[in-house]
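Scrolling down, you'll hit the structures one after another.
What follows is chain A paired twice: with chain B in the first complex and chain C in the second.
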Partner chain A sequence: MLQSIVSYGLAVGAVYALIGITYNVMFSASRVFSFTAGMLGMLGGVLGAIFINKWGINAALALLLVLACGALLGIVTEVLTVRPVLKSVEQHLYVLSTLAFALMIQQVVAIEFGTEAYPFPVLIPIDPASIWGAIDQKFWLPVLACAVTIAGLEFLYRKTLIGRAFLAIAEDSYAARALGLPETRLRMASYALAGVIGALAGFTGAQMLLAFFGNQSILNFYGFVPVALGGMGSNRGAVIGGLALGLFQQAANFLVGGIFAAVAVFAVFIVVLLLRPEGLAGAATARRV
Partner chain B sequence: MTDTAARMPARPGGTSLLGRLEGKLSWIALGLAGLLLPLLDDSYIGLIAQRACIYWILSAGLNLVVGYAGQIAIGWVSMLTLGAYTTAALTAGNVGAPWHPYLALVASAVIGAVFGVIVGLPALRLRTFYFAMTTLGFATIVTQVALAWKSVTGGGVGTPGPVFPWPFDPGWGFYYFCFLLAAVATWMTANIASSRYGRALIAIRDAEVAAEASGVAKPRLLMMVFLLAGALGGVAGGLFSSLQSYITPDAFTFEMSVLFFIGILIGGRGSILGPALGTIILTVLPEFAAPLVQWSTFLYAALLLLIVLVIPGGIADLLDYRNRRPLEQHREIAPRPELLPRLLGERRRGELLSLKGIELSFGGVRAIAGLDLEIRPGEVHGLIGPNGSGKTTTLNVISGYYAPQKGEVTLGSSVLPPGAPHLRAPHRIARTFQTPRVIGAASVLENVMVGGTIDGQGSFAESLLTLPRHRRDEAHLREAAMLALATVGLESLAAVRADRLQHSELRFVEIARALMLRPACLMLDEPAAGLSAEEIRRLGALIKAVSRAGTAVLLVEHHADLIFDICDRVTVLNLGKILAAGTPAEIRSHREVVSAYLGA
Partner chain C sequence: MPIKRRQVLSGSAAGAVSLATGLAAPAIAANEPIKIGYLPALTGPSSSTGVGMNRGTQLAVEEINNAGGINGRKLELISRDTQSDPTKAVNAVAELTQRQKVALIWGPVNSGEALAATPLIARDKVPMLHPCWVDELIDVKKYPMAFRIAPTNTQIGGGANHYAVDVLKLKKVAVVSDTTGYGTASVNTYVPMLKAKGAEVVYTNHIDAANPDLKPELLRMQNAGAQVIMPWSVNAGFLSRICNTRGAMGWDVPIVGQTTLGSGQTKALLEKPEYWNKVYSNNFRQVCYANGKLPPRAAEYVERLKKAKVEFGDTLLWWVALGWDSMALLTETFKTAGTKPEDIVAYWNKLKNWPGIYGTISWTPEQHNGFPDDEVVMCEVNSLKDGAFNIAPGYSS
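== the complex of A and B ==
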C-alpha cells in the first residue's frame, strides 16, 4: 500500500507541480493568474489521444505536435484574454476573460471529443519484465517531465539572455520596459512557454489521468493549490507543494476514501491560506497607499 | 441664499418627475408583466417564468457580492445545490421525520446563510483569484459530497423534490410564490444597495483604502452580505428542487454558475435592474434556440468573454444616458468656508494629536527615524521636505496604514491602535490622498456620503427593511453631504459620476468626504498638486477656515507659497528626521532648510 501511495502520489503530484509552474510562468510575465492552466493540462491528454489513437501518429511526433498546440494556445490566451484587460489589472477582469476562454475550449472538447474518459496509449514500448519496467511508465513519466522542466527553466533563467529578460519583466515590468525590453513580445513568449509546460504535464500524466475533458477543472484547482501554498511565482514552492499535495491526497484516498480526501485537501487549502495568506514560503505585501 | 444653495436637489437625477420615474417605471412595468403573466394561460411560459424568478432570487444576493462588493464568487451555484438538497432531503424524510415543505424552505435559507459565510470567509484575507478559486473548489466539493452521501441525497440516483401545498400549489400558485419571493429579494437587495452599506460595498470595490479611512469595517460588512446572499441562494435552491421535482447532482453544473455570473455582468456592476434583466434574458434565450442547446455553455462563455472585452459596464452603463449629457465646460470651484460652522458644529472642543518617538523601517531603509510631532487644534501644521523624507509615511502611520516599530500616536487622551486604518474614523481623524481615491462609478454625492459612514445609527437589518432609523440616517447623511459639497463649492456636480470630474475637482471631493467626519484632525496629502494658482488660493482659504473651526490640520505640500501663506507651524523633514521646526518666518530663514530644500 505504501508503495502505491508513494508512486501514485509522486506521479500525480508531479502533474500538479507542472500545472503550478504553468500558472507561475504566466503570472511572472503579466501579474495575471489564468484559468487556462488546467485547460492546457486537459488538452495535453485529449490531443495526445486524438493524435496517437485516432490519427495513428507515432508517440514522439505526437508529443511535439501537442507541445506546439500548447504554445499556440498560450499565445492565443495572451492576445485574446490577457492583453486587452491588462490595463485594469486591479479590476480582475482577467479572472473572467481567461475563465471564459477556458470554458469555450472545454465545451468544444466535450462536444467534438466526447464527455467520457478515454484511455491513453502506452508511449514507450518497454518489456514489463525488464529492469526498466519495474516501475510503470505512467508513474515515472510525469516525474521525469517535471525534472526536465525544472532543469530547463533553471538553464533558461540563469544562462540565457531571454531568460534573464523574463526575470527582469517579472521583477519590475516598468524598469524592464525603460531598459528597452520588448515587454509585449516577452509576455507572448512566456505564455507560449506556459502552454508548452501545461501541455507536457497533460501528455505525460494522461496514462494515469486518462484523456478526459473534466480534467480541466480538477487540474485548475489542484494545480493552483501548490502555487497558493508555495507562494505565487515560486517554482520551487510549486514543485514541493505539488509533490506534497499528491502524496497527501493519495494517503487520504487510501485511509479515508476518495470523497473525503477531496474535502480534506480543500480544508487544508483553506485553513493554510487563512493562516498564511502569502503562502508557506512567504512574500511581502505590496504598498497600498 | 446660503440655505437654498445648500439644499440643492439631493437625489441624483431627481430633478424632474421623469428623472425620478425612469428608475421606478421599469420596475413597475416588470412587476405588472410578472403579475399578469398567468393571463396568457400557457403552462410552458409559466415554467420558464418560474425558473427565471428562482434564478433571480439567487442572483439578487450574488449581485451584492459580485456587482457591488466586487468579489468574484464564481462558484455560487453551490448555494443552490445546498438549498435544493436541504429542502428535498428534509421534506422527503431522509433525515428524521418528514418536515413541512415551507419549514424546510426556511431551513434551506439558514443552511445557505451559514455556508455563505463559510465560503465568504476567505474573501476577507485572500487575493481575488484565490477567492474565485475557493468558491470554485467548494462548488466541486458540494457536488462530490452529494454523490457520496447516499442516505441523505440519494447519491447519483437522486431524491424527489417537495410539492408545496396550498396556497402555493404547483402551477400558477407556485409561480406566484416564486414571483413574490423574487420581488422581496429585489426589494431587500435594492434597500441595501441604496443604503450606507451599499455605498460602503462599492467603496470597498473601487477605493478600498479610502473606505477604510472612512471607517468602513470590511470584514463585518462582507460577512453580512455573504450571509444574505447565502440565504437567498438557499431559498432559490429550495424552490429549484420543487421546480425540478426530482434532483440529482448533475442538475447543478458549473455552467449554471456561469449563467448567474453573466446575468450580473451583462446587467452591469452596481445596478439592480440591469442584472435582473440580464438574468431574465439569459433564462429565456435558450428556449428560442433549441438547436443550439448543445452549444449553450459555449455561447455563454463566449458571451462572457465578449462582455468583459467590449462592454465591461454592462446594460446599466448603456442605459445611463443621464451621465452622457455634456457637462458645463468652464466650471469654477467656489468654496464657501462660511458654511463650515454648520457642517462641523458650532462649539468644538479641539484635541491635540501628538507623535512620540516614532520609528519605522522597511527592511534596511529607515523611513522614519525617531519623530516627535504635535499638531494642535485650530492650527495648520505644515509638513515639508524633499521626496523620500518620510512625509507621506508619517501620514500613513497616523492613519494606521503602517504600524511603527517604536513610538505611539495619541489624540487627546487616547492612544491610537497601531496599524488599524478603519479605527481612525471613530477618533475623527480624516485624510485625503496624494492621488485622489474616489469611486469613479458612483455620483459625487454618494462619494461624499461614504465619508459619513460611521455616523449612521441603523443596523444592516434595519436597512434591509427600510425601517425608520435607516430612513433618518439616509436623510441626515444626504443633507450633510450636500452641505459639505456646498462648502467646498461643488454642489452643482452632486449628481455627476465622479469619474467625469477634473482632477482639481476630485481633490475638493476628497476634502468634502473628509469633512463629513467632522474631523478633530484633518490630514491633507499634497492637496494643491495639479491645481491652478487661483484654485490654490481658494484651497488655502478653505484649509485655514477648517483649522480655525477647531480642527487640527496636518498639511503635506510642495507648494512653498501655500505652506508659508496658511501654516501656523512648519516642520521640515529630511531622511526621516526633523531638520527644523518653527513658525513659517523662522523656517524661511533657516540656513540648512534653504540649502537642502527651498533653494536660494
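== the complex of A and C ==
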C-alpha cells in the first residue's frame, strides 16, 4: 500500500507540479492566469500517442515534435488570447479568452481524434519480472521531467541574462521596458517556454493518465491547486504543492476512496488557503501606502 | 366589406384545385414511395453504434427495394444525422413529421437524443421504433405510439445479475461505477435487484473515472470478500484500468458488466491481452456463438451478407442485425397493416414472437418493451470473431 501511495502519488504530483509551473511561467511574464495550461498537458499526451502509435515516429523525435507544438501553441496563446486583453488586466477578461481558446482546441482534438482514451506507448520497455520491474517508467518519467524542469528553470533565472530579463519583467514590466527590455518578445518567449513545460508534463504523464482529451479539465484544475498552495509565481512552491497534492490524493484514495477522495483533497486545500492565503511558500505582498 | 367578383372566382378556383388533388390523391399514393424518417447518429462521440445499425438499415432497404418494394411502393429512407446531439435530433423530428410527413420514425438510436425527441414524435402522432435502452423512453400512456425493439437498462442489468448470481453462483458482489449519470443510476438500480436475488453486495462505490490508480478500490473489494466485480460505465479508460489492476494484482475474479467492457477501445488500453480473460459483457443470445455456431437465423443472415461481400471486421453483428430487423419489421407491417399510423400501432400492439435476427420481439397494448429477458446474456469479451462473441460459459442452451 505504501509503495503504491508513494509511486503513484509522486508521479501524479509531478505532473500537477509541472502544470503548476506552466501556470507560473505564463503568470510571471504577463500577470495573467492563462487557463491553457491543462490544454498543453492534454495535448502533450494526445499528440505523443498519435506521433508514436499512429505515425510510427521514433519516441525521441516525437518528444521533440510535441515540445515544438507546445511552444507554438504557447506563442499562439500569447498573441491571440493574452495580448489583446493585457491593457485591461484588472477586468480579468483573460479568464474568458484563454479558457475559450483552450476549450476550442479541446473540441478540435475531440472531433479529429475522438473522445476515447488512447494508450500511450511504453518508451523504455522493462521486463516486469526483473528487479527493475517495480520502477515502471510511468512513475519515474514524470518525476524526472519535473526535476529536470525545475533545475533548468533555476539555472535559467539565476545564471543567464535572458532569465534575468524574464525576472525583471515579472517584477515590474514598466520599469523593465523603461530600461529597454523587449517586453513583448520576452513575453512571447515565456509563453513558448510554458508551452514546452506543459507539453512535457502531458507527454511524460500520459502512460499513467492515458492520451485522453478529457484530461484537459482535470489538469487545468489539479494543476492550479499547487499554484495556489505554493504561492503564485513560486516554482519551488508549485513543486512542493504538486507533490504534496499527489501524495495526499493517493493516500485519500486508499483511506476513503471513491468520490470522497476528491472531497478530502479539496477540504484540505480550502483549510490551507484559510490558514495561509498567500500560499505555503509565498510571501505576503506588502501593500504600498 | 363587399365581396368582389374576382375573389369569388379565385376562391372557387382554389376549391376546384383542392378537389381535383383530393380526388387524385389515392392514385398517386399507390405508387409514391413510403417515407420512413430515420435518425441515426452517424458522426459525433456516440456514433459507432449508429454506424453499425446504419449498415444493416441501408442493406435491408436496398434489398427490399430491389425486390420491388411493398405492393409496388418503394421504401424511402429520409435520413437525418443527429451527430449524437439531442438538439439536432429535435430539429430533425420537426422536419420529418411536419414537412416530410413520414409514415413513421426509426430512431434516434442513442438514448440521449431519444430522450429529447420522443415527446415531440409523440406529440405529432407519428409511430416510432427505437433501439435505446433507457427505461423511461417507453411509456404507453405518455407515448402510445413508441415501441422498443431492444432490451431496457433494467433487462441489461438483470442479465448481468442473473449471470453472476444464478449462472456463476457467486453471491458476494462488488458493484462500482464512474461518476456519470449513467453510472450512478445503474448502480442505484442494480444493487437492489441483486439484493432481491439473494446476493450480498459487499462493496459499492462511485469512482472518479479520471483516477489513474484503481488499486485502492480493488483492494477494498478484495478485503470485503468480493467474488465478482460488476462495473457500470461506458468509459473505456476506466474499465480497462479495472482489468489491468485485477491482472497486476493476480486476482482471479470475473468481471461482469456493460458492453463497453468488450469494445475495441477497452482492448487497446489493456496492458496485457490476458487481462481480458474472465471478463463478460452484455450481449444477446440470438447473435452469440454457442459451441462455435451462431443460432440458425443469425447464421443464415451472416452467410447471406458474406455472399454480398459485407464485412463485420469493423463493427458488431448485433448492431447490423438490429438495423436490418427494424426494416424487416417495417416491411412486414406495411404489407400487412398499411401505412396509417393507427393501423401500424394496432398491428404492433398484437405482435407476438416476431423472429428477428437480433431478438424475438413481442408487444402488447400495455407493454411496448419487446425484448425477451432470456435473450439478454453475457459473452466472453476476448472471443470476437466476425463481429460476434462466444456466449459466456455456464448457460444452458
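Brief remarks on what is shown
Please note the rule applied: the second predicted complex is superposed on the first by the 270 of 289 C-alpha atoms of A that agree within 3 Å, B and C clash if a C-alpha of one lies under 4 Å from a C-alpha of the other, contacts with A are read in each partner's own complex, and residues count from 1 in each chain.
Just so we're on the same page, contacts are C-beta pairs under 8 Å (C-beta built on N, C-alpha and C of every residue); 3 or more make two chains touch, one makes a residue touch a chain.
Just so it is clear, the structure is predicted and the values come from calculations on it, not from any experiment.
The superposed arrangement places chain B and chain C in clashing positions on chain A. More chain A residues lie in contact with B than with the other chain of the pair chain B and chain C.
When both complexes are overlaid on chain A, the residue A:Phe101 reaches chain B alone and has no touch with chain C.
Contacts of A:Ile270 after superposition: chain B is touched, whereas chain C is not reached.
With both structures placed on the common chain, the touch criterion links A:Thr115 to chain C but leaves chain B unconnected. In the superposed model, A:Ile259 lies in contact with both chain B and chain C. By the touch criterion defined above, A:Asn215 reaches chain C but does not reach chain B. By the document's definition of touching, of the two partners only chain C reaches A:Gln250; chain B does not. Looking at the shared chain after the overlay, A:Thr81 reaches chain B, while chain C stays out of its contact range. In the superposition on chain A, A:Asn58 contacts neither chain B nor chain C. Contacts of A:Ser4 after superposition: chain C is touched, whereas chain B is not reached.
Stretch 182-190 is the one of chain C that runs into chain B, the other listed stretches 56-64, 182-190, 362-370 or 380-388 having no clashing C-alpha atoms. When the two complexes are superposed on chain A, the residues of chain A that touch both chain B and chain C are 259, 262. Of all the residues in chain C, the ones that touch chain A in their complex are 45, 179, 205-208, 210-213, 215-217, 219-220, 235-237, 240, 265, 268-269. Chain A meets chain B in the complex at residues 33, 80-81, 84-85, 91-93, 95-97, 99-101, 103-104, 107-108, 111, 217, 220-221, 224, 228, 259, 262-263, 266, 269-270, 273-274, 277, 288-289.
Residue ranges of chain B in contact with chain A, taken from their complex: 70, 72, 74, 121-122, 125-130, 132-134, 136-138, 140-141, 144-145, 147-148, 209, 254, 258, 261, 265, 294-295, 297-298, 300-302, 304-305, 308-309, 312, 392, 396, 401, 433.
On chain A, the positions that touch chain C within their shared complex are 1, 4, 8, 12, 110, 114-119, 208-210, 212, 214-215, 218, 250, 253-254, 257-259, 261-262.
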